[in-house]
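Pasting the structures in now, so scroll down.
In what comes next, subunit A is part of two complexes: it sits with subunit B in the first one and with subunit C in the second one.
After this line comes the complex of A and B, so read on.
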């Protein structure tokens, strides 16, 4: 009897798959922890972690599609890379305001618009999820090919150097140090997380959950699901583009491989390991796997991909909800012990 | 006599060589209900699918509220009040009953409070208020049918197309479902077309009945007349009565 009451209560707090109260708490704690990292971390960590955070934002853009809407995309890397190249081009311009911010906005707008247009063409023609996967795969390949072949614009195989942006809005701001930049990216990532979370908790998010659960039913209610799916893909493009533009200026470099299928697959692995039904899970999963990969690859360069692969398979078999699901069950177990 | 809410003229559907429906003339007035019965493969679901827009007819015309909707999309028809319950309950399994109901309600109401009130009203009507926090997956088969019917009410439907609403229900549930259909017609003024195999349920509904056989209308009338019709007994009811 007790357990039914408890589970009913737990469920009433869940809003379309998101346990809002708990996740907000955990997210606040997580970002607060990241904020104190520079106090004791070494220079390399302060330099590299912002890049991993942007991987996390990229992972959120996929979780939004995969976990919340039920659409898998292999094209997230392409949208990320496009944001990066747009940023690179903007940083080369002489503008009356800080070109970095122009690059962020332009990168997000470009990737978002591209995703929205592609999405609308496909979804309004009735393309289902399975075919959508293949087409996004092609998007990744095409984007990489263009980045290679149009070397006058992109630098070809050699890639493109991107200067680090200044944080101040004026055109002649000074280049920030690693710690300032770390905080800048952290604030941006946390902002992204809370904005997307807010969107997913509202009307739009509920409709996406409906699409994931039963799109035919939703159509028969009179919803234009092609419009909602395109909007979801566009939003995902905006987030991936934002992350990509900042990644370019953070790492100082973009190359065609950033757009490729290999990188897209990595994003999928991050999200699966982190938990596709949780934005925070996806974010943390990306940071964790990326850090782990670089750490392990330094020790055993030949086998690290194998280790990540095995981890992926274990997660798929034993923890379908990823790390986020694991944390959730541990939390519930603790609660039950406290109650007993 | 008021104008019919729905009218089909010479409606037909052909799948290559197979004639699924042909020459169906059908009329339904507002705030009334009608049953369609017939053996398996008689074309009942095909007929319903053409009205809801899931299939497009190969001949004939569908008029709804004096508009020609023959070539209109599912979305267009749904937005004008044609709502369909599928043969197997089609709900959102992982969402709670409340969340299920929010989705159709949000289509017609923008304000959060209005959505809330609408959901509450419908849940009470379809006897699912107590179960509002339960995932749809955990409902009984009968409750899932009610949830789907409720969702059609929540989306402001004027014409309900119910494909086997009493399938898999206990005797008590069937009686409750018949009462529910009567309430929807009587209190809310909705028009309903019900496809059913279960003759006890059809009798409870107490509506006019159309018998389909091999894609065409065999006969039409009140239940007792239809049930006593020699031809109906031959093709369909013989083994049930």
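After this line comes the complex of A and C, so read on.
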């Protein structure tokens, strides 16, 4: 009897991805490591890593949909870019408080609301997940086109400069240096991770997993799956918008290509390689692939994307859990060795 | 009045050309349910093969045939290596064909570079009927589109091969029990779809400038053509879907910019998908 209970629990653990306790530990370790990086990294790394962390946050917004809810969106880049443009517009305003924080809230709210509305509009009609992919793909194209054609608002092809925000809440704060900004973004990313993780570990996350595993059964239990799916997409929009607004002020620049299909593809590749069933995997995967891509494409510019494409196919066919799954199985193997 | 006729001519040509562009997808996605996000890459590949052949001095018509066959074979190889294991998991095919797009695009970039290429228009003249000038090459492609779609529909509805394919779509297991070679039939359909995509890419290559991402703009449009028309409706669905997406774009482009027109058409297509999820030509 006892062993049955045990094995059920183990199975449900496996289903929900990495072991709950372990992942929190690994995540804490990972963020702690990132926190000490500025002590021995060079200036360029301190400058560029925050951007990769925000890519990581964007990747989490997709993992939450793909790995936890079972729907894939090709429009995450659009939501990211919208957050960025909203931030850019807010930074141009004169406000009694720090416009940066207004931009973050507005960017997240705008992307989240857009995702929620689109999500509800589609899911309430029972639009299939494959059609959802195509519609979000169209969303990326439409957003890019609007960003290009409405140049009075967005700066067109040339993009929009966004000043770096100050971290103090007042309107006249000083512009922080790279190290301070690094810590600011790190705290933000870690905060995002733990909040989303908390949400997913709770009741809401379990219902999403139920939808992923068996939609019909959840409907039979009386859950409004359209509402839950829309809420998941809205949450994902909020996170993508947050990441986008911070990215704009971190990199100092937003362009229409940030909204496009190719950037959305990048996000998909990060999440697939990092591991779609793990938020931390997606986050680390994005940081890893983005860093590798800037290093490797400096050496062999032509072949890097090709390697990424082949890797993507291999991960989809043979290695669905990605890097997070690899880490998990190595961890299990070590545990077994210890037990033996 | 003049304007109306000119617009009608333009809309007809665009509808038929778009139908041809989407036809390969209508076969692969509409018939065997593989969500082929590599369709755009197949179009691009067809255009590049044509450019490459004509650059070597091959006349245009053989170049088009070589290009279409080449893309068909590329599709066949991809099917054999990857897709054939995933026919029962459509969602995975979506990701895998997207990877096909990534890989093909990168290979094109490595082999041919990223600069724009062009294929000279083999029939640059225009037909003049009364006051109207109709570009000759476009109308030839439009006519070919009708011929190709019509004859494929004939094969599909009136021949033994068509019966096999329809049996496969209707019930894979029963068809297999009755002795149909499932694996081979899938291969035939996949080859046919890739061939058609390559043919379309080859035929439209003189009409546009060729770059590694040229297929992308057609990818989403092609999907909307197939979905708006209704999956599995080879003849009527493709034509009606192409008319709604292509024709509407021509009309809207009249009084706004091309970009706005495309956006509006995408929105219309999304609305149709939302309210008629199985397409216009399919009974509810």
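Structure notes:
Definition applied: the second predicted complex is superposed on the first by the 322 of 340 C-alpha atoms of A that agree within 3 Å, B and C clash if a C-alpha of one lies under 4 Å from a C-alpha of the other, contacts with A are read in each partner's own complex, and residues count from 1 in each chain.
What we mean here is this: a contact is a pair of C-beta atoms (placed from the backbone, for glycine too) under 8 Å apart; a residue touches a chain by one contact, two chains touch by 3 or more.
Computed from a prediction, not measured in an experiment: that's the story for all the values here.
In the superposition on chain A, A:221 contacts subunit B only, with no contact to subunit C. Taking subunit A as the reference chain, the count of touched residues is higher for C when subunit B and subunit C are set side by side.
By the touch criterion stated above, A:258 is placed in contact with neither subunit B nor subunit C.
When the shared chain is aligned, subunit C comes close enough to touch A:268, but subunit B does not. Look at A:122: by the touch rule set out above, it reaches subunit C but stays clear of subunit B. Of the two partner chains placed by the overlay, only subunit C lies in contact with A:138; subunit B stays clear of it. In the superposition on chain A, the residues of subunit A contacted by subunit B and by subunit C do not overlap at all. Within the complex formed with subunit A, the residues of subunit C that make contact are 35, 82, 85, 90-92, 94-96, 98-99, 102-103, 105-107, 109-110, 213, 216, 219-220, 223-224, 227, 257, 259-260, 262-263, 266-267, 269-270, 273-275, 277. The residues of subunit A lying in touch with subunit C in their complex are 72, 121-122, 125-131, 133-135, 137-138, 141-142, 145-146, 148-149, 261-262, 265, 268-269, 272, 302-303, 305-306, 308-310, 312-313, 316-317.
Of all the residues in subunit B, the ones that touch subunit A in their complex are 52, 74-75, 78-79, 83-84, 86, 90-96, 99, 102-104, 106-107, 133-135, 151, 155. On subunit A, the positions that touch subunit B within their shared complex are 8, 11-12, 14, 16-17, 203, 206-207, 209-210, 213-214, 216-224.
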